[in-house]
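In the part that follows, the structures are each spelled out as structure tokens.
Here chain A shows up in two complexes: once beside chain B, once beside chain C.
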Partner chain A sequence: MILKEQLISVIYQAIDEVNAVLPPDQQLEKSIHTVLFGESGKLDSLGLVNMIVTTEQKIEENFGIAITLADEKAMSQRNSPFRTVESLAEYIPQLITERQHA
Partner chain B sequence: MPEQVMLITGSGKGIGKYLAEYYSAKGYRVIGCSRSEVDFKLDNYRHFCLDVSDEKKVKEMFAEINRSFGRLDILVNNAGIASMNHVLLTPLETVHKILNTNVVGTFLFCREAAKLMRKNKSGRIVNFATVATPLKLEGEAIYASSKAAVVSLTEVLARELAQFGITVNAVGPTPVKTDLIRSVPPQKIEDLIRRQAIPRLGEFRDISNVIDFFIRPESDFVTGAVIYLGGV
Partner chain C sequence: MAVDFLLKIFAENKSKDAIVWNGNTFNYQWIIDRFHEWLAKIAASGIQPGSVVVLEGDYSPNAIAAFLALIQTGCMVVPLTDFARNQKEEWIEVAQGEYSLVFSDSDEVKLLKHPNVASHELYGILKKENHPGLVLFSSGSTGKSKAIVHDLAKLLKKFQVRRKNFRTLTFLLFDHIGGIDTLFYSLSNGSCIITVKDRSPQAVCQAIEQHQVEVLPVSPTFLNLLILSEEYRNYDLSSLKYITYGAEVMPEATLKRCAEIFPNVILLQKFGITEIGTLRSKSENSQSLWVKIGGEGYQTRVVNGILQIKAESAMIGYLNAPNPFTEDGWFDTGDAVEVKGEYLKILGRKSEMINVGGEKVYPAEVEGVIQEMENVADVTVYAEKNPLIGNMVCAKVRLLNEEDRTAFTIRLKNHCRSRLQPYKVPVKVVITNESQHSERFKKKRNYTI
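== the complex of A and B ==
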């Protein structure tokens, strides 16, 4: 069982990596409330792609689990799981569980 | 320059096997895959048994590539299947199989490869088209359409992946003697070859020559291109 705190710290690793290539005015803060996607977010569409893919790779590196974050469910949900760091951290366990039962 | 890591799909036999031999002899670290085990051994070569349209298996393989090599420089999407059949006699099952391998497989590998290549801000993807598409070959409706989809994928991904320094191109071979065309009647092949500007069977080296061009460092401004062989 992977804890939400562990996932948040993995997302923070991804933020560090993404920040390294973002201009100073677009830097993401390491907070659970940081908006990743949506009107008040700082990331442009490419930035979001980078953030999602980097998070996916960090999950794989840290837990040895290969998942696809941008699955159909995530892309079609009205409340996007990519909205904030916290919503993303809450979404990932669902994906891992589904994968184990697949 | 660090060792270049190249992934070739469908490397069990035919063109893919030749490419694995050719590039491993050239010093590339080659990773190959096919559904069945391989009966050959090569230096610098590692084989994975999987179906290219099986997302879970494919993702696990890419995770393993990342763990072992930490990079991927070149992807050659060679795995492909065909079926000669009049449209009125084509079972739906065949349609699904061809689309799954040729289109879904190519898509999945492009997506996962780009995630890895992105890290180095460079990469080369070479997809496989066929002259059956521009020649509008009768009896190959689904095969030709599946490869038309590969051409579109190549053209659009060339644009989407350019920002990561990844080029996406395709080679479109003419008939080459492999199991893929074993069941095509000789007369059909003859007729087809006569429609080429240069009427001869394709050789493996014709294909590696085009791939060599796409993957060389100087070709970093060549993307979204489809090169059909034989002057089709």
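== the complex of A and C ==
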């Protein structure tokens, strides 16, 4: 069982990597409340795609599990899993569970 | 007859070197003698004018003499090299090959008869005119290989104009339009071809030094390998006058580096399409990707950013696909180009274009930028589907020395951001140990989903 705290720390690793290539005005703060995409968010669509793919790679590196965060399922959620760091950390375990039962 | 003009040139150059093969040199008299032997052999073997004959071999003296004799007999010739071994049976079937002449490594030959009957209507057209034919296969990087039929009487016409005489290395393959062009260009000027069995940078450099090669026709992928191997430092390559490149888009960094390594060599872009033949071309200068193409018998136009060509010597059609020409006889090359006055710049294949949220990305441009970076041996840019932006740009990179993935990814993205629009910057970076070129020294881009 992967804890939410572990996932948040992995997302922070992704933020570090994404920040390293983002312009100063788009830097993301390492906080669970940081808005990834949507109102008052700093990322544009390409920035978000970079954040998502980097998070996928970090999950694979840390836990050895390959998941796809952005797919039709993610797009059809009532609340966007990409709204904040916290919502992303809550969405990931669902995917991992599905993956393990697939 | 189709090769009479060549025989005249051979007769004028009897004692001159024609082919260097396996370290031995064969002169034009040897070719003339062997050509006549082959004419007799072909007649005695039951091969008729119009028969479809598969020529399985490489640039060996015997295979070249047989090739010429088959043309003179009026046969349909299907050259196949060992690189096509996986598709051989299928291709012989598609070409309706009736005979195979199989040349061994020691240039001995075996005649095989296949159960096929050549009944294709394109062959009928050629037979009616008593013209020899040539069947070449497209690389099939996007789908099934197409069998392309040329009228050799027309294709060989342009070689009747005498041009300069250079000692040329036959790097491009015997069953490739560029290779056919190299062969007939050399034969029609009484020049010498230097053949190599091994196409590695080391073997090629060694052949250049040993046989005083003046023209090296290659692919950009080979030039990348040559630069990385640094083999050019180990040999005296001062005989080289021209390096011609084509078959795929040249990365700017590769061209620049080549111009630095070979300051006295003229770098020329060639433009050949299996369906159309090789056009005459002129690069703006050795460091420029802008090129003027055309020449006698060719017209060009750009429609919606895509290059179209009309050629007197274009193929007569595909054996296994519908006629691709427009009603007024133009061929859509599928190559996206930029235009500057009389010059064109090839951006890449339209079919390889990546659509990122409506913006166009040509993998070759991004690869060129990544190739400028330190520690990059090889790179392939491809697309992966993404529900947010349609497709995302991905890069598969082989490194020279080990480097931390995260550190390298950050370095790559920052480098690309400084040189490209944001949507062209790869989102996903994969580090691999795999080599990214095919045996034919072309980039493998089959990662695209």
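Following the convention adopted for this analysis, the second predicted complex is superposed on the first by the 102 of 102 C-alpha atoms of A that agree within 3 Å, B and C clash if a C-alpha of one lies under 4 Å from a C-alpha of the other, contacts with A are read in each partner's own complex, and residues count from 1 in each chain.
What we mean here is this: contacts are C-beta pairs under 8 Å (C-beta built on N, C-alpha and C of every residue); 3 or more make two chains touch, one makes a residue touch a chain.
The model shown is predicted, which means the values in this text are computed figures rather than measured ones.
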Fit-or-clash call for chain B and chain C when the two complexes are aligned on chain A: clash
Chain B versus chain C as contact partner of A:48, first or second or both or neither: second
Between chain B and chain C, more extensive residue contact with chain A: C
Partner chain(s) touched by A:1 [first = chain B, second = chain C, both, neither]: neither
Which superposed partner A:75 touches (first chain B, second chain C, both, neither): second
Candidates 42-50, 186-194 or 438-446 of chain C: the single one with C-alpha clashes against chain B: 438-446
Set intersection of chain A contacts, chain C complex versus chain B complex: 46, 50, 53, 57, 61
Interface residues, chain B side, partner chain A - complex: 55-56, 59-60, 62-63, 66, 115, 118, 163
Sites on chain A touched by chain B in the complex: 46, 50, 53, 56-57, 60-61, 64, 66-68, 99, 102
Residues of chain C that touch chain A when the two form their complex: 357, 386-389, 392, 405-406, 409-410, 413-414, 417, 422-423, 425, 427-428
Residue ranges of chain A touching chain C (in the complex, touch as defined): 17, 20-21, 45-46, 48-50, 52-53, 57, 61, 70-72, 74-75
